[in-house]
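Have a look at the structure below before the remarks.
When the chains are written out, they are named A, B, C, D and E in that same order, and each has its own residue count from 1.
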Amino acid sequence: MDKFVKLGQDMVLLWSKYKVMYWAGIWNTLKLAFLATLIGCFIGLLCGVLNTIPYTKKDPLPKRFLLKLLRIIIRIYVEVFRGTPMVLQSVFIYYGLPYFSNNALRFDNIFAAALLIVAINTGAYMAESVRGGIISIDPGQTEGAKAIGMTHFQTMVNVIMPQALRNIMPQIGNNYIINVKDTSVMFIIGFTEFFAQHRYIVGVNNMYFPSATIEMIGYLTLTLIASLILRLVEKLMDGSDSYELAQGDQLVMAAGTYSHPDRGTPFDEVNREYTGEEKRNRIRIGLKNRNGSTRGGR
Amino acid sequence: GDSSSSSNNDSTPAETTPAAPTVEIPPVEDLTGTDTSAIPGLEDGVLTVGMECAYAPYNWTQMDDSNGAVPISNVPGAYANGYDVMIAQRICETYGWELEIVSSAWDSLCPAVQSGTMDANIAGQSMTADRMNEVDMAGPYYYATIVVLTTKDSQYANAASIADLAGGTCTSQSGTIWYDSCLPQIENTNLLAPADSAPAMIMQLQTGAVDYVCTDMPTALAAVAKDDNLVILNFSGTDGDFQFATEEERAENVNIGISVQKGNTQLADAIDTVLSALNEEQFNALMDQAISIQPEI
Amino acid sequence: MSENILEIRHLGKSFGTHEVLRDIDFTVKRGDVISIIGASGSGKSTLLRCVNLLETPSSGQILYHGTDVAGRGVNAPEYRSHVGMVFQSFNLFNNMSVLKNCMVGQMKVLKRSKEEARQQALKYLEKVGMAPYINAKPRQISGGQKQRVAIARALAMDPEVLLFDEPTSALDPEMVGEVLNVMQALAQEGMTMLVVTHEMAFARDVSSQVVFMHQGVICEQGTPAQVFGDPQQRETKEFLARFRGVE
Amino acid sequence: MDKFVKLGQDMVLLWSKYKVMYWAGIWNTLKLAFLATLIGCFIGLLCGVLNTIPYTKKDPLPKRFLLKLLRIIIRIYVEVFRGTPMVLQSVFIYYGLPYFSNNALRFDNIFAAALLIVAINTGAYMAESVRGGIISIDPGQTEGAKAIGMTHFQTMVNVIMPQALRNIMPQIGNNYIINVKDTSVMFIIGFTEFFAQHRYIVGVNNMYFPSATIEMIGYLTLTLIASLILRLVEKLMDGSDSYELAQGDQLVMAAGTYSHPDRGTPFDEVNREYTGEEKRNRIRIGLKNRNGSTRGGR
Amino acid sequence: MSENILEIRHLGKSFGTHEVLRDIDFTVKRGDVISIIGASGSGKSTLLRCVNLLETPSSGQILYHGTDVAGRGVNAPEYRSHVGMVFQSFNLFNNMSVLKNCMVGQMKVLKRSKEEARQQALKYLEKVGMAPYINAKPRQISGGQKQRVAIARALAMDPEVLLFDEPTSALDPEMVGEVLNVMQALAQEGMTMLVVTHEMAFARDVSSQVVFMHQGVICEQGTPAQVFGDPQQRETKEFLARFRGVE
C-alpha cells in the first residue's frame, strides 16, 4: 500500500518540478499527431480515389498504361512506408539524406521533417483503410452516380467517400491514436514530445513508475478526448434519425414558381393533406422523429 | 565503502590510444565461504545482472563466448562482453555466485531492479544523487572522464579548450550531465535535441548532423576504435575543461556505479567489498582490456 | 420526328461464358416509348445497363446519334448525362436527403445553380408526390417512396432518353397509375423512353414499340397492336397468356 | 557514390557475421506478430459481437444492466489499451506487477508476457475496426437473419461477421504490419526481436546505416509477404465471380426425393430447359462466368 | 380451425413523433390468408415488421397463441422461427450462395441435418424455379430471381405463419402467376399468411380477409367480397377505383 502512497507523492513531486516540460511535450505530441493525421487522411483519400479510376479494355493504351502505373506507384508507396519502421525511415530521411547526398539535401526544421515522415506513414495506412471503406459501399451507389453522368471524381467526392468515410471513422480514430503514441519515435531526429520528456526526466532521476503513470494519464487524456470528439463526429455524420415533413406553404411557394399540368393532383395521402384536400385533426406536418435508429441498434 | 575518491585533476593529458596494460590487476579474492544466501535476490546463488548489451565498451553483444563472454539469458545464442561483464564476473567469482546476464532496454533497467526482476544493473550508469533516491548504488567501479568527440576534418578538431568549441552544432545523450550541464557551458552553441542512444549520437556525428558530441572517455574510445575519422578532445586537468559548481557534482557524474534495489544494502556492501580491491588505474587497465577485445565489426 | 437517337446493333453480353444477351438489335427514334417485356432473368435489366454503359457489352454497337458509345474514346459521363436511368433497386444516395438526391446531379453534372436545381428537383418530387419528404434520408422512407424519388432524380436531369427498370414495381395500383400518368405525359411531351415493365397495360397503351425478350434474345418486336394483338412466336403467346387471361 | 559502395560492402560484412542473430530476430518478430494478431483479431471480433447484443426497454432490468455493464467494460478496455503506449503498459505489467504486489505476481516467461501485451493491444484496435466493419453492413442483412429466427450470435457468426471481416481485411493487414514493427518495443522487457538485434549490433560497432538498411529490407520482406497473402485471402473471400448452373440430373435426383404437387411445372425458362421441355441448340447449363466483377471495378 | 394464431391489439408505432401506425387491431386465425392493401407509405411494411418484432411497437399488443410477444421476457428468435418473412427488399445474405441462403436457417435455427436442409431448400427453390441457380451469389442474379430465392428461404423454414411484403413486385406477370400459385397451394395446405400486396386479383381471389390501410390506420377490413364488392369508406372506394377500372 505504501508503495502506492509513495507513487502518488512522487507523481506530485515530478509534476510540480517538471510540469513545464510535460506540457511542452503534450503540446508537441498533439500538434504533430493532429496535423499528421489530417494530412495522412488526405493522402489516404487521394490514393483511394486515384486507385479506383476505372478503365476498360476499350480505353486507349496510353490511358490504360498511365492508370496501371499510377496504381503500381500507389501500391509501392503503401507497401514501403507501411512496411518499414518509422524510426529507420526517419534516420534515413533526416540523417541519411545529407549523408548520402553529401549535404545536397538536408532538412533544417525538425518539426517539418517529423510531420512529413509521420504524415506519409499515416497516409500509407489510411490508403488501405480507405480501400476497405470503399469496398464496403454497395456498388449500386456508384452505379446510381454514374447513371446521372457523374465522373469518377464526382462520384467519389459526392457519393462514395462520404459514405466510406463514415465507415472508416473508427479507423481514423485508431490512426490518430496510433500517431499520438508513435510520434515518440521522432525522438530519434530530436523532436521532443511527451514521451521524450519522460525519458529525459527518468534519465535524470530514475523515478520511472511515477513518471510513467503521469505519461499514462496524459496519453489517456489525449486519446480519450479524441475518442469522444470522433464519436460525436460519427453521430453527426449519421445525421439525425428524424426528418421534418416539408410544410405545405413551402411547397406551394416552390411549386408556384413552375406551373406544371399535374399541379395539385392527389399523388399520395400526405400530398393530399398539405394541399388541404382533407383536413384531419391529426396533423402530421412538421413532425420530428427522434427515435428509430436503424444503425446503433445492432 | 567507497575507497578511492581520487580526483581527476592530476590525471595526465588525453591518451588517444589504449595503452598496454602495464598495471597489475590483483587476483580475485576468494570469499566463496561467506554465506550470502541471506542477501535478497541471491537466495538461489544466481546474480541476475541487467545491462543493455549495446553500449560498448561497457557492454556489448557478440556471437561467441570468446574472451570470456557470458551467454545472455534472454537471447539464445548471443553472448555479452565488455567492461561491465568483466566486473560482474569478478564479483561472482569472488562469492562463487552464478552469473546471469539479462539484456534489456536502458529505460527499463531502473524499474527492473526496483521490481526485483534483476538483482543489479551493471550498465555504465553514473551515480547521481537524484538517481540514488530511487535505487541504491554500489561503486564507483569506474571514473569516466568527460570528453568531446569530433571528426578529423572538423574545424574543431584542434580545439584546446571548450572556448574553442564556441559556435558549434552539438548534442549528447538524453538525461545526462553531458547534455544538461556540459554542452551549455560552451558559448553560442547550436544545441540540438538530445540523442536517443550512444550509437544514434555517434551516427549524428558521422553524418555531419552535428560538429561534436559530449560523452565519456570509454564511449569515445570505443567509437574511435571503430571509426578512425573521429578524434577525442580531452580537456580534463586544463583550465579549459567543463566546470562544475562543486567537486561533489563532478564526482557524481564521473563516478560510474552498480544499482541495486533500494534498501538492499547487503548486496551493495558485498559488491563494494569486491570493488574496493581495485583502484582507479586498475579500473582503467580493465577498461583498456575491454576496448581491446571489442569485436572488429 | 424520325431522328434515330439510339441504335443498338448486334449487342451481346456474356458474364464469362454465361451468355446473357445475344444479338440484340433495335432502333430508338426521338419520341419513341419502347417497352421491354419478358420473363424474369431474360436479360432486360442487363440490356438497359448495357445501353447506359454500366456493363461493357461483349460485342456489338450502341450508336448514339450515330457515334458508337460502346467503342473507344467515348466520354461515358457526358453520354450518361443525356441518358437517364431509374434502377430496379433504386440506388438512391444513402448519404443525402431526398431533395439532395435530386439536386446533386444537376449541380455537379449540369452545373446548374443551387436554386435552379432545387426548383427543378421540387417540381419533379411534387409530381411524384414526394415533396413532403424532401428532408428524409433514403433509409427513412418506404419502398414505393424510394422508387418515386428515383424517378424524380432521373427526370430532374432533363435527359434526352430515359431508361426505366421496372419503375412501378414497388407501387400500389393507385400510385402505379399516377407514375404511369407522369410517364405518359412525358411521352406526349416527346420524351424518348425505354421501359422495362411488367405492366402490360402500360406497354400496350402507352408504348410506341414493344420488345419481347426471351432467354437473352429479342423474340418478338413490333407495335403494341402487333405484339399484343397478334403475337407470332409461341413464347410470346405463352408469356402473354396470363395477361390476356386477366384482361 | 562510394558511400553507397561502402554501404553495400558493410551490409555484406554485417550480414555474414550476424546472420544468425538477424534470422533469430526475424523469427521472434514473426512468431510474436502473427500470434498476437491472431489472438487480437479474435478479441476484436468477440468485442464486436458482445458490443452489439441488442436490448430494448422491454427487457428485464438485470439483463439491460448486465449488457450496459458489458458495453462499458469493453469501452474501457478499448480506450485504456488503445490510449496508452505499449512500452509503458509492458513496464507496468512486467516490472510493475511484481513491484507493486511485492512479488506476489510475476511473469516468468518473457514471450508469454510479450504475447499477452501485444495481443490485448491489437484486440483493442481490432475492436474498433470490427465496429467499423459492422457499421458498414446493410442493416437489411441483420433483419434477414433475425427474420428466420437466428439469435444474435448466430446472426453475427453466420451473416454479419463474414461480411464485416471481408470489409476489414485491409485493416487486419494494417494491424499485422503494425505488430511486426511494434513488437520492437517489447525490448523493454527483454524480448529480443528483429529490431533489438539491430540495436545490439549497432551497439558494438556503430555501423548504423548498413544495419538499418538490412532491417529495412527485412521488415519490407516480412510485410510484403503478409500483404500478398492477405490480398489472396481477400480474393478468396470475394468468391469466384462465376457460378455453375446446376445440372438437370442433379436436380431431378434432389427433386425426386420429394413429390410435391407442382413438380415439373415450367416456372421459368431455364427450369423449362433442364426438365427437357424445350431443347435448344444453345446450351446454358454448366456455364462459367469469369468476368463481371462488381467490386474491383471501382 | 378457428384457433387464433396472432391477435394484434391496439398496435401503434411512432418514429419519434411521426406516428406511422395507430390503433391497429385484427386477428389471424389458423389457415387465414390476410391481404394488406393500401397506398405507398400507408404503413404496410411497418406493420409486418412490427408483427415480426423487427420494429418495437410503441404501444399495443401482439398475441401469439395468447402470449404477448411484444411484451417483456419474450424469446424473440424462437418466436421468429415460427413466423417467416419475405422482405420487400429481399435481404438475401450476400455472403452465401442461393442454396446456402435457404439452408443456413434450417441448420442453425431448426438444427436440421445438412442433407435434410439441402433437400428442403432444393424442393422450394425448384418450386420457385430457381433450382438451376443454387450456386450463384445474390449479386449475380436478377431482381426477380432474388425475390424468388427470398420466398424459398422463408418457405424452407416451415413456418407457422408467413409474412409476405410485396412478394411479386419484381416479377413479370408470368412469374407472378407462378408465385401466386405457390402461395395459393400453401393456403390450401392450411398455411397462415399475411400478405402485403399490390396484386388486387390475388387479394380478391385468394385471401380470406382483406385489410385496407390508410395513413397508418385500418380504414376498412373484411372478406374480399365485402371490401372489393361493397367498400364502405370513401378512401377504399378511391383506392380501388383504378383496379376496378382495369377490371
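Following the convention adopted for this analysis, a residue touches a chain if its C-beta (ideal position, glycine included) is under 8 Å from a C-beta of that chain, and two chains touch if they have at least 3 such contacts.
It should be emphasised that the depicted structure is a prediction, and the values quoted were computed from it without experimental measurement.
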Note = Touching both chain A and chain E we find C, D
Comparison of D-E and B-D (more C-beta pairs in contact) = D-E
Remark   = Per the C-alpha means, the centres of chain C and chain D lie apart by a whole-Å value of 43
Query = Taking each chain's centre as its mean C-alpha position, how far apart are chain C and chain E in Å?
reply = 29
Query = Per the centroid of Cα atoms for each chain, what is the distance between chain D and chain E, given in Å?
reply = 39
Request  = Could you tell me the distance, in whole angstrom, between the mean C-alpha positions of chain A and chain B?
outcome  = 47
Key: Where chain A touches two or more other chains, by residue   = 91, 96, 99, 138-139, 166, 208-209, 212, 241, 245, 268, 270, 289, 292, 294
Key: Residues of chain B engaged with two or more neighbouring chains   = 107, 111, 114, 200, 203, 206
Remark   = Residues of chain C that touch two or more other chains sit at 15, 39-41, 89, 139-140, 175
Inquiry  = Please output the residues of chain A touching chain B within their complex, sorted ascending.
reply    = 91, 94-96, 98-99, 103, 110, 187-192, 196, 199-209, 212
Ask   = What part of chain A is in contact with chain C in the complex they form?
value = 56-60, 138, 140-141, 143-151, 154, 158-159, 162-163, 166, 239, 241, 243-246, 251, 254-255, 257-258, 260-263, 265, 267-268, 270-271, 274, 285, 289, 292, 294
Query = Inside the complex, what are the residues of chain E that reach chain C?
reply = 15, 37-41, 45, 88-89, 140-145, 148, 166, 169-177, 198, 200-201, 238-239, 242-243, 246
Note = The answer for chain D against chain A in the complex is residues 3-4, 7, 52, 54, 79-80, 82-86, 88, 91-92, 96, 99-100, 102, 125, 128-129, 131-139, 142, 160, 166-171, 173-174, 177-178, 181, 184, 195, 208-209, 212, 215-216, 219-220, 222-224, 227, 294-295, 297-298
Chain B - residues contacting chain D, complex = 52-56, 60-63, 74-78, 102-105, 107-108, 111-112, 114-117, 197-200, 202-203, 206, 223, 226-227, 294-297
